[in-house]
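Residue numbering begins at 1 within each chain, and the chains themselves are lettered A, B, C, D, E, F, G, H, I, J, K and L in the order written.
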Amino acid sequence: MKILIVNGPNLNLLGRREPDVYGAETLDAIMARTAARGAALGVETEAFQSNDEGALVTRLGTCAGVYDGVIINPAGYTHTSVALRDAIQACGVPCVEVHLSNIAAREAFRHTSVTAGACLGQISGLGGTGYVLALEGLVEYIGSKEKGS
Amino acid sequence: MKILIVNGPNLNLLGRREPDVYGAETLDAIMARTAARGAALGVETEAFQSNDEGALVTRLGTCAGVYDGVIINPAGYTHTSVALRDAIQACGVPCVEVHLSNIAAREAFRHTSVTAGACLGQISGLGGTGYVLALEGLVEYIGSKEKGS
Amino acid sequence: MKILIVNGPNLNLLGRREPDVYGAETLDAIMARTAARGAALGVETEAFQSNDEGALVTRLGTCAGVYDGVIINPAGYTHTSVALRDAIQACGVPCVEVHLSNIAAREAFRHTSVTAGACLGQISGLGGTGYVLALEGLVEYIGSKEKGS
Amino acid sequence: MKILIVNGPNLNLLGRREPDVYGAETLDAIMARTAARGAALGVETEAFQSNDEGALVTRLGTCAGVYDGVIINPAGYTHTSVALRDAIQACGVPCVEVHLSNIAAREAFRHTSVTAGACLGQISGLGGTGYVLALEGLVEYIGSKEKGS
Amino acid sequence: MKILIVNGPNLNLLGRREPDVYGAETLDAIMARTAARGAALGVETEAFQSNDEGALVTRLGTCAGVYDGVIINPAGYTHTSVALRDAIQACGVPCVEVHLSNIAAREAFRHTSVTAGACLGQISGLGGTGYVLALEGLVEYIGSKEKGS
Amino acid sequence: MKILIVNGPNLNLLGRREPDVYGAETLDAIMARTAARGAALGVETEAFQSNDEGALVTRLGTCAGVYDGVIINPAGYTHTSVALRDAIQACGVPCVEVHLSNIAAREAFRHTSVTAGACLGQISGLGGTGYVLALEGLVEYIGSKEKGS
Amino acid sequence: MKILIVNGPNLNLLGRREPDVYGAETLDAIMARTAARGAALGVETEAFQSNDEGALVTRLGTCAGVYDGVIINPAGYTHTSVALRDAIQACGVPCVEVHLSNIAAREAFRHTSVTAGACLGQISGLGGTGYVLALEGLVEYIGSKEKGS
Amino acid sequence: MKILIVNGPNLNLLGRREPDVYGAETLDAIMARTAARGAALGVETEAFQSNDEGALVTRLGTCAGVYDGVIINPAGYTHTSVALRDAIQACGVPCVEVHLSNIAAREAFRHTSVTAGACLGQISGLGGTGYVLALEGLVEYIGSKEKGS
Amino acid sequence: MKILIVNGPNLNLLGRREPDVYGAETLDAIMARTAARGAALGVETEAFQSNDEGALVTRLGTCAGVYDGVIINPAGYTHTSVALRDAIQACGVPCVEVHLSNIAAREAFRHTSVTAGACLGQISGLGGTGYVLALEGLVEYIGSKEKGS
Amino acid sequence: MKILIVNGPNLNLLGRREPDVYGAETLDAIMARTAARGAALGVETEAFQSNDEGALVTRLGTCAGVYDGVIINPAGYTHTSVALRDAIQACGVPCVEVHLSNIAAREAFRHTSVTAGACLGQISGLGGTGYVLALEGLVEYIGSKEKGS
Amino acid sequence: MKILIVNGPNLNLLGRREPDVYGAETLDAIMARTAARGAALGVETEAFQSNDEGALVTRLGTCAGVYDGVIINPAGYTHTSVALRDAIQACGVPCVEVHLSNIAAREAFRHTSVTAGACLGQISGLGGTGYVLALEGLVEYIGSKEKGS
Amino acid sequence: MKILIVNGPNLNLLGRREPDVYGAETLDAIMARTAARGAALGVETEAFQSNDEGALVTRLGTCAGVYDGVIINPAGYTHTSVALRDAIQACGVPCVEVHLSNIAAREAFRHTSVTAGACLGQISGLGGTGYVLALEGLVEYIGSKEKGS
């Protein structure tokens, strides 16, 4: 099983950027934690980060037949990007949306997710651990689908 | 460590109620699954279900000093209950909100959560597994807080 | 055939409560009138009243396999209760929503029904007679379904 | 007693038009059913259908002193016609609004009725039977008013 | 003269719950203070608290002929409960709404009161003293009405 | 100079229809009063009434080159008819909108006029006299334009 | 009969201020025209202009028993001033609101009048002539009331 | 193949009406152009214009079994007519909506089309040529459907 | 201790102005009642009334170091004045907002208070007695603060 | 004559991506169809696709003096991109917006186009044929402009 | 060249009022700083402050022919005053709006400026320096206009 | 001191693009003007332009420790980009937002800035000079902060 982890704008700054909101852990550390959990579950993970909406769309457009699932943190694009929502819907594999902070407890414009409706589900507010949980949830979901078929 | 799992209205009907939306697993089965994972993590779980907003509020009001964390699925009260939000905020222990279905992919009135802003975070759309993941996330969060202090 | 009639908050006060809006007939009198019509149609009716949202949800949750249809007047919960809407949707038998007064002719916040979308239909503004008509409509609907099957 | 039944736009197509939404019964059949029930109650009914907002307004403007009540299905004009609402208010006899389908369970723009606030009440979602019930409700209402005076 | 004081959800936690928002005084202390002031005015007070919307509605439904006035702090139900508003309107005695905190200075969803429109008036932001002032205002109002009649 | 007076839906009922809102004067009486004032000013007036939106549009479409100005009371179509607004804009002669009642003091849905933005101006709340004043205003406006050219 | 004409902010600049919107006539010229028409009708007029909301409120507060009616152009305060609306409601004599331009054909924030709902009626878009027509309408209205009493 | 072209209110004035917005071409000229293109494609076209919402609804109600497709320019009714939307949905043949001007570049109230959602598609802003293109698009669509079956 | 009582627009008319809404008591009588209660509590009160938003702002700007608290009834400015809200926030002494009528039970535009968020609290609907209660509440609040320091 | 065809995000996936919504034809096939039609009309076409908002903006910024017109399908950026709207407005050549699906019949957030207001017109819901029709319409428009100059 | 600087409500309190929001500099100090910069540029400045909306309107109404430009900080009136916006538009000289704090980073009701649309531009969030920059920008703008003419 | 100037989409077209809105000066000329002013103040400036949201985000992500301040004109991304707002907030140096045109005087969708709330302040409507003023304001702000520390 192979899972792609897609990270959106400004997430490359994690650890340095507003640590009281986003935590002190770097993106690399979170990706490593998630990969380790993946390895334990016999799942290969691959991480991709871009600040570019178009690059994120393009990457999702190449997932079909390559990955079994996608974990995506669309960051600032979460609240505005129909293009990304379309890409998620088009990619043909189940996606789980992750947010480090609890977006429901922040500014009003962060309460709405344009992209979540095209995903399988969403995990928010649990910091970097959210990626690990998303991986577990996704693996279980894919496993149950395979068993079902 | 002791975790309370609070389940709101209609969740007693799980398994029988619209299985295409909420899955075929009963609430007891999900609670058992979550308790098993808790046991593996050395955590005691206790489950409470009520259709009654007041009973849910009352139960949360007795958590301080008894539980280390709360997992809550407010179900239909999610979108309207300020009383429940106040109870979560007042209870003094970290809460994680869980939804079986992906509320962002359903009717517009389910896209907003009144209660989530008072929680630590939210997990939705991953079925009964969402409870298990919430437990793991909560346990890790509480552990890291304790370590920090 | 067996029909449950569910009455929401403050309806126990009928006859005494603002008679210019809700009429002078008591709830018991209306229930008796409806039961009489039911008897004439060979239908058994049972009435339930509660001021409690949770009790109404619970009662609806026990309808499946016991009643063939439900008549419900959610009163003040009509305009806010997603929990009740979910209960109606989950109960598995056809429901007809009844309002004594014409909610479209009252305050703006009474113009919207959260629950009606989960019902078969709605009757409003015809006083206690609305229950009798709801019974007739429900009986005919159930009969036609049975004939169809 | 004499009751006018006013039917709005596209209702002439009943039976042919989207039968899964509006049923397979023709308007003539529903009118006949309603007239039969009227006859049983000693009430004369008369049916009028027009696709034309102005013709509906004009017809209502001639009701005073001729009919004792009106049953009206404004169809597509329900959600937009202030002119029709004014006509109902001006006609001087009690009106009951009927909808074949449950408008609260359809597109958002069908959830609001501009005309219902000027009526005595509303029946929706009970198919052609809604007309029969409206007739019964109206007859009882008029009777009780006459008794009262 | 006899006055009922009705307290809504989470108010049983006063003193413990977010003391920076709600103060350090317990509900019992506030009720005692209010009763003392009542005694000084020759007025008997009785206090009732419930987290349950239905229980609050039921209690209000039994006020007619027993109490001369009601002081109510609907807490979290303030912003959503049409059922409670109906109960206030139905109870037939004058009610004064009290809030410990200044709801106009908190989150936007607390700026609107569904229930206040059915009350005689509202006092907010003056802590436990608000109850005492409400009592004084209510007693004066009832006295002036009696004098007027 | 020749002025057309266009009257919309339900205005044929004036005098009979809700006289407390619209006055006791019939449309014929108002038209006669306006014509008399026109005669005094050397202006020919012609009155047209229809309940039909299309007929009103058609009549306005034949004004160019025939009338020097139009007085229009769109009644219930005021608040909804883009077609009528387009007809006013297309007719090529100045129009003054008249309302018998003060629409700003009635239901919220009467506060907005879709048609007024395409008119020269609006007179409301002055009863039948509003037509006479509109005539005077229109005649003066047309006169000043002619002098100006 | 004595009529007060109240002119709000910036109207002192008429003739100089954006003449394409407000015309080239000065306020004095308009007041003179209106007074002349008043004299012809046997009515005394008095004109008052202030840029100051408070001064306008104060002036209206002294009308009772002195004037038989008021013509008011609240200018920029039209769209925002509840204080002025209250003053109109409190002044105890009938008021007619006048606007030189057609406020329905300008920016969206000018489409709504806070004050008009407290007036007898409104005249807009007919330039300085609007005051003359308002005077005529008001005189006729007052006359008919006196006749009626 | 037979295509009906339905034109709504004020379109009979084309060529004369605001030519800077709608162009100088008359409706007859546009219809002739479209018919010529139809003839070249072996398609018979028939044109119908009415200012009357009801007449447009009625015409659409007679399309089933007579025409293979409909081109409709609902003009002013585009933005308000649920009745016309219902008629399009009920008529049983594919419709393409045409607008001469680019409604997205005009007043805000023209940005929304109530009717377009019931059509196959929409062409706007391309003047009279829009009808010709709609015809081509419709013919190709119908052809591909027939081939497909 | 010294308290300033600030009264906004139209309050000079109390007793004469719509007595069914605002009561028959004059402002002077209410101020006298409040001063008497102040005297009993050993508190000096001073009353200021102006119809002028600017004068109210200026008066509040001179409170620091002179008064210990402010009671303010912003009347019509309540719902619109950011300048007054800023003045309250800037004045540096605690303010209590008072309304004679229950603003939550009147027109929708009176339900929102722009100024209340900058105050300590609000009392509404208790007539002139509201000022007396505000004084008591304010005196107690100031006392408790002084005791606390 | 030279026409640029600009295709936005996810359109590279056409044929594979949700074929029930977007059809089975690939973007290359549609471009080829359009180029063939262009060749028949003596028009050269060039196609550009990017998932990147910035790249689309940049491409439009180089159109002036190179192309005579632009056909653009902004896909997901249609509903949100002010940058793209500005680029269309800045590019100095006429643009026609194309959508494969009927955006008015899909989710509410697809009903509004931010970009269409800066275009000449829009074609939607006619699949790949929409591009061919846009080309024809654009060619005719440019030809008529050239004839006019 | 002569520039008027107009300061609105509460700005007389600068230095004392909430220094964490508005800074510790007094208005006099800021005006002196701005005058010094003006002197360096050969520009005479004059400062005017009032808490009174009407006085601000009146002052703006006397600018034409006296000043070459206006710098205005409407403070609390920024968000509500149509009268002030009209005065700016009427004054006939270019105005620049200044705010000491960044209004986009404060409460939602401060994000909108009613007056800015009538100005040349706006400077916010740069403290007292904003006035100096506005002066420089205005001087340059006026200079370039004069050069251009 | 080193300042980065970030220019968003379409600004590379300045001078050519709608010169009546954006002026005839090219971006290079404005940058040169700003750099010259910087040199006079002993400040080094560096300019960056991209049409790409992601590239703008990335550039801001590299500012910390390299630049002392940022001037940013987000152009079309101003009104929609949460990603850019996050980047401004994350970059750790003070930013001033600049707009050439007065966005408050243009289309409604340009009145709101998503990014300004994360900046120190905003300058709009003063053309290319706005950059020079932003530089001066930023330099003074940074200087005063350094002095303060």
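In the analysis below, a residue touches a chain if its C-beta (ideal position, glycine included) is under 8 Å from a C-beta of that chain, and two chains touch if they have at least 3 such contacts.
Nothing here was measured: the structure is a model prediction, and the numbers come from that model.
Q: List every chain that touches both chain A and chain F.
A: Per touch definition, common to chain A and chain F: zero chains.
Q: Taking a step as a move to a touching chain, how many steps at least join chain D to chain H?
A: When the steps are counted carefully, the minimum from chain D to chain H is 1.
Q: Which of these, K-L, B-E or H-J, makes the same contacts as D-H in over half of the contact pairs?
A: Most of the contact pairs in D-H are shared with B-E.
Q: Between chain D and chain L, how many degrees of rotation does a Cα superposition need? Round to steps of 5.
A: Rotation angle, to the nearest 5: 180 degrees.
Q: Given that chain B and chain E are copies of one sequence and touch, is their interface built from the same residue numbers on both sides (over half shared) or different ones?
A: The interface is built from different residue numbers on each side, given that under half of them are used by both copies.
Q: Just curious, how far off is chain G from chain B if you go by their C-alpha centres, in Å?
A: Distance between chain centres: 62 Å.
Q: For chain C and chain D, let me know how many angstrom lie between their CA-based centres, rounded off.
A: 22
Q: Taking the mean of the CA coordinates per chain, how far is chain A from chain H in Å?
A: One centre to the other, that is 45 Å.
Q: Among the residues of chain K, which ones contact at least 2 other chains?
A: In chain K, residues 52-55, 80 touch at least two other chains, as defined above.
Q: Strictly by the criterion at the top, what is the full list of touching chain pairs?
A: Those chain pairs which touch are A-B, A-J, A-L, B-C, B-E, C-D, C-E, D-F, D-H, E-I, F-G, F-H, G-I, G-K, H-J, I-K, J-L, K-L.
Q: Provide the residue numbers of chain K that touch chain G in the complex, in ascending order.
A: 52-55, 57-58, 61, 64, 80-87, 89-90, 114
Q: For the complex, give me every residue of chain G touching chain K.
A: 8-10, 12-13, 16-18, 50-55, 75-80, 109-110
Q: For the complex, give me every residue of chain E touching chain I.
A: Within the complex, chain E contacts chain I at residues 96, 102, 104-105, 111-113, 116-127, 129-130, 133, 136-137, 140-141.
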